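Have a look at these structures, which come just after this line.
First chain A sits with chain B, and in the next complex the same chain sits with chain C.
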Partner chain A sequence: MLLLQFFVSGVATGCFLILATIGFSLTRRVEGFLNIAHAELLGVSAFTTWWLNSHHGWHVLAAAVAAIAFTALVGLGIARVVYDPIRHRGPAVLLITSTGVAFVIGGALHGLIGTGIRTLDIGLAHRYEAFGLRVTSHQLIVVGLAAAVSVSLALFLNRTRTGLAIRAMAVNPELAASRGVNLSATSRATWLLSSGLAGLAGVMLAVLATLTTDLAFAQILQILAVAILAGLGSLYAVILSGLLVGVAMDVSAYWIPAGYRPLVAFAVVIVVLLFRPAGLAGTRDA
Partner chain B sequence: MNTTKSICLRLFAAVFALSLVAAACGDDDDDEQPATDATETPSEPAATGDAEPTDDEPAEPADDAEPADDMAEPADDEPSEPAEPADVGEITVGVLVPLTGELGEFGKIVADAIEFGVDEINAAGGTRCGTIRTVVADTGGDAETGIREATNMIESEGAVAVMGPTSGVMVALVDLAHREEVVIMSPYAGTINLNELGGNFVYRTVSSDLGDGAASGLWLSSRGYESVSFLIQNEESTISPAEVARAEVLEAGIEITDFIVYNPGQPSYQAELTTVLANNPDAIFLAGGQESGVTVIKEAVAGGFEGEWLFTADLAVPEIFDAVGAELINDKAFVEFADADPSLPEFISFEERYDKAGDPFAPNSFDMITLVALSLEAADSCDGAGINSTIRGVAHSDGTKVSTFAEGRDILASGGTINYEGASGPLVFDESGTVSGAYTIQQAINGEWVNVEFYPASTFDG
Partner chain C sequence: MNWPQLLVTVLTLGSIFGVVTLSLNLQYARGGMINFGIVAYFAVGAYTYAIFTQPPPQGLDQYKFGFGWPWWTAVIVAGLAALVFAAVTGWPTLRLRGEYLALTTFAFAEVFHSLLLNERRIGNGTVGLARVERPFGDWGPIEEKYVFAGAAALLLVATLLVFRRLLVSPYGRALDAIRDDETAALAAGKPAQKMRRQVFLISAVPVGFAGAVYAMFTTLAQPSLFTAEVTFIVWIALVLGGERSVYGVVLGTAGLVFFEEIVRAWPFETVRSAQIAASVEHVVTGLVFIAVLRYQPFQAAATRLKVSK
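Up next, the complex of A and B:
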């Protein structure tokens, strides 16, 4: 039963990783580089939620919606101002620049927020028990959101014109352009979507965690682990990868000290990449 | 229209790029203009007007930059000759604290208390080596940053002492202190690593974590618990006291259901809490920082834990009640931390003078700078080696008891010896440069921390 409890916890951990990584992977596929600043966008959203909720008394849902929208615009703004002008210099330059952007966002957050801890003005999570297993309302929200985001994103990418354009641009931008896809508009839609997803993950970070200005960037290693494990092939692989890493990390605590959980995440990545060098989903396709 | 838009975008990009460069180069300022560095706090014998030159003479930075070196030279050449009390410029000490990150609140407390001590010393006329100038830098709690900033303070700013590092940074600075012959001191670095490494150029005005662990263990053993779980943040400063406490608790015959070392910076600690909640102990000993600690407390209570808590010093702040929700921990939570003996007249006097009385580690920080200043008075040279050679004798001797810089300086000037009785307690450095300490246990009552037990240093003798 204890092992099952670790599994339940792992599913919730994995679902948070899915939320945190799916936007990162979308940017990676469409824009072609690892946007290290993505983790700091979680911080932008988390602190915006905190500011509206704790400082201005907004209901957490209203604060969350505003924070997600604001984060999406911040992400788009950064893309337009910083990344677009240097896009032609290639993914390595973009990656290094995104690291700089992460430092700028982190510094700005620290300058605005200051030291110490921050928490949302929300109640304690409720506890539900069934079959000897325990789950909290916060864990259920994370799992529900991850499922909703996964389904919605799948529908968006497969059923809408913009979604299909994003997929086409991810596979072959030149061919997509020749077929009438507006690359600039598609890129903007991608940044809005991926940054909005970072915003959603940031809201959940604020709900679950005790915020410090360092906390968001602390998630980047696990985001990278999930994204690398997923590979370039498909966004659906991010879902599988997130669950795999989350469950492996938490279930491992049944046998080995919990302090080794991050190590387990990367051990899973290494083992999988030994057998599938291109990640769970293989190479870039649809 | 498009052209204008494009130019605007490019301008914006340029400004952004410049900000990136500025962020990357932020701390690399040369030492030519110390008085204008934003991280520096010029010494303030405020009422005397001696501080003015640093503000009023930006055109002559070289003169300002030299005094520390000038101080050091005569000492090297003429070590046996007592220093001249004449008109000398400034002597620099570094204040190396975490102003950002999780321990930022504590770093600010330490920096403020040091500054208060500097103000008192400079108002009394300064040391024979000059008025004290502080150079402040933020480590963020990071050892690598600490080494870089300390090196800058010593080699560029001429600091003769560096005060305020946290445990991990202190350990990282030991080699630098020995190599540069500069004293490093901390008011809160309890790590047991310094029990081996400290003692020569490395001092602390707080007791070792072994003492914190012993006090925690003593408290846990006295509560009548049958089982206790240990949740320990993966940091040197939390693991060492927890191990001491564990030994104490085991010796008392109490079952330890879990001893879990966890990593901070996680959105959730449910995995770590799974076995703890399954074992349902009478109490949880939580040795963690504020970020992880608050989340652990909330998740444990949400998970059904109804027992008592014992926290370590990081959670001994009022903000915890807002962050956690006072109703969750009222009457059930206790916190243990190294503390000054509130009955000491030196402590009472300090609390009356200092307008931020009650700040944890403020007396220890004040004692640090006062000891450095008195050591300079007693030393043959105005450098780290001079401080290192006299600090033990100033802190503890058969000489006249003093509790302020001015008293000590006058006695030393007349050829006497002094025994500095600190605001944080008697400061007797052992071989490792560590003082013995006293500890307070507070309980969460009606949204405040209230003293419920005090363990004087004598509790742990033998």
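Up next, the complex of A and C:
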């Protein structure tokens, strides 16, 4: 029974990981590099929500919407100022630069907020029981949001003009441009979208966890685990691998101490990479 | 501000981290491998040294092993341990290239860190191993800290000489060939995959030594000293100095350590201002990093020098 309970909370963890990773994978797919600073955007959003909510007394929903919009703009700004001028130097330089960006955001958050733990001004989670299993209302929100985001992202990428442009640009920018895709507008849309998704994940982080300034950095490890497992840049596989990593981490707490959770995440990744060097969705030549 | 003390610290730490940056430079600039988990090899060296020199556990100690060996054998074992760790982690990861390699080495480092943190039988978990043996006492009239700084600098110079000898040899030229055009090098009969693995193993050894010296310097082997931040700092130093330039790498490390020590040694009035200074240090480090990668001033200078010759 306890094992099943761990499984249920693992699904919730996995859904959070999906939210956190999907923007990261979108950046990798379209812009072609690993944005280590993605996790710090979660922190930006989480603390903006907290600041509006508990300092200015905004309702948590209003605070969340404002935080997501703010994070999307921050993400776009960073991309324009920092990443775009060095795009021609290749993905390795961009990857290393993004760790610099992570330093800057992390340091700024730390300087502005300071140490200590913080929580949002919202009520305690409601608990539901069914078949002897407990679920909190917060967990249900995460699961619902992850499902909604996955479906609407799929619809967006397959049905709308901007979505199709993003996919075309990801596959072949020159060809897309010659067919009339406005590359800079599409890139802008991608950054707004992926940073906005980071913002959403950040709000969930603020709801689920008590906030500390180094919390955001800790997320990058799990995001990386999920993204590698899925195969860098693939989006649908993120759903599967997010659930897999989330469940593996939480169920493992049944046998081994909970402090080993990140270790379990990476153990899964290393085992998968041994057999499928390009991740779950990867092809041989990827 | 106590300038002589500051300079000694910069010399010592600069030498220790210089060794790590040099090894990373060998892996990245010559071998084309992005190792984002370099801190793990450093930590292996430090913990191995601590474990092999400390007395067997007693009282409140939770660690299981303490051999009480003389310091110099422990230093050698630290280098060997880093080599073994590189062999174990290199076996599954080196088939991967580019960012996959960066991510899996990063993953290995995090796994190792979490192992040190949670497994109390290795090194007391979060508490770490304190009172690590420091081998050099005062040397006649010379104070211990100067002797120690000299020893660290000696390690740096030795690493520098060995690496330089290696790189000007036919072996080094073959490495350059593989990095510049792998297909051509393969066609010329150079075993690219095997040589990359060798470089990965060779460059881990000095990192293990540096870890041992770092454990002596801090007299502490604690998980909080070996976080991903160390990896990033070393990478920043590498980029700062300009990849491929051996002396640039050493200077870059020294400059970065100098900057950090000044911030650390500054007399702050309140806890809050010290906190703000620490975050400003982070922000500035990140900004320098971004700017150097974008404008690459040192590389440009190096090219100009070559042209004018």
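Note that the second predicted complex is superposed on the first by the 280 of 286 C-alpha atoms of A that agree within 3 Å, B and C clash if a C-alpha of one lies under 4 Å from a C-alpha of the other, contacts with A are read in each partner's own complex, and residues count from 1 in each chain.
Everything below uses one rule, namely that a contact is a pair of C-beta atoms (placed from the backbone, for glycine too) under 8 Å apart; a residue touches a chain by one contact, two chains touch by 3 or more.
Nothing here was measured: the structure is a model prediction, and the numbers come from that model.
After alignment on the shared chain A, the placement of chain B and chain C results in a clash.
Looking at the shared chain after the overlay, A:H110 reaches both chain B and chain C.
Once the two complexes are laid over each other on the shared chain, residue contacts for A:A225 go to chain C alone; chain B is not touched.
When both complexes are overlaid on chain A, the residue A:P85 reaches chain B and chain C alike. Look at A:V269: by the touch rule set out above, it reaches chain C but stays clear of chain B.
Looking at the shared chain after the overlay, A:I96 reaches chain C, while chain B stays out of its contact range.
Applying the stated contact rule after C-alpha superposition, one finds that A:G259 touches each of chain B and chain C.
In the overlay built on chain A, none of the stretches 171-179, 207-215, 315-323 or 351-359 of chain B clash with chain C except 171-179.
Residues 82, 85, 97, 100-101, 103-104, 107, 110, 114-115, 257, 259, 262 of chain A lie at the contact with chain B in one complex and at the contact with chain C in the other.
Taken together, the chain C residues at the contact with chain A in this complex read 34, 92, 95-96, 98-100, 102-104, 106-108, 110-111, 114-115, 117-118, 232, 235-236, 239, 272, 275-276, 278-283, 285-290, 293-294. In the complex of the two chains, the chain A residues touching chain B come out as 2, 5-6, 9-10, 12-13, 16, 80-82, 84-85, 97, 100-101, 103-104, 107, 110, 114-119, 124-127, 134, 136, 138-139, 204-205, 208-215, 218-219, 249-250, 253, 257-259, 261-262. For chain A in complex with chain C, the touching residues are 33-34, 82, 85-86, 89, 91-93, 95-97, 99-104, 106-111, 114-115, 221, 224-225, 228, 232, 257, 259-260, 262-263, 266-267, 269-270, 273-274, 277-278. By the touch rule above, chain B contacts chain A in their complex via residues 9-10, 12-13, 16-17, 19-20, 23-24, 99-102, 104-105, 107-108, 234, 260-263, 265-268, 270-272, 274-275, 277-278, 290-295, 298-299, 301-304, 319, 322-323, 325, 328.
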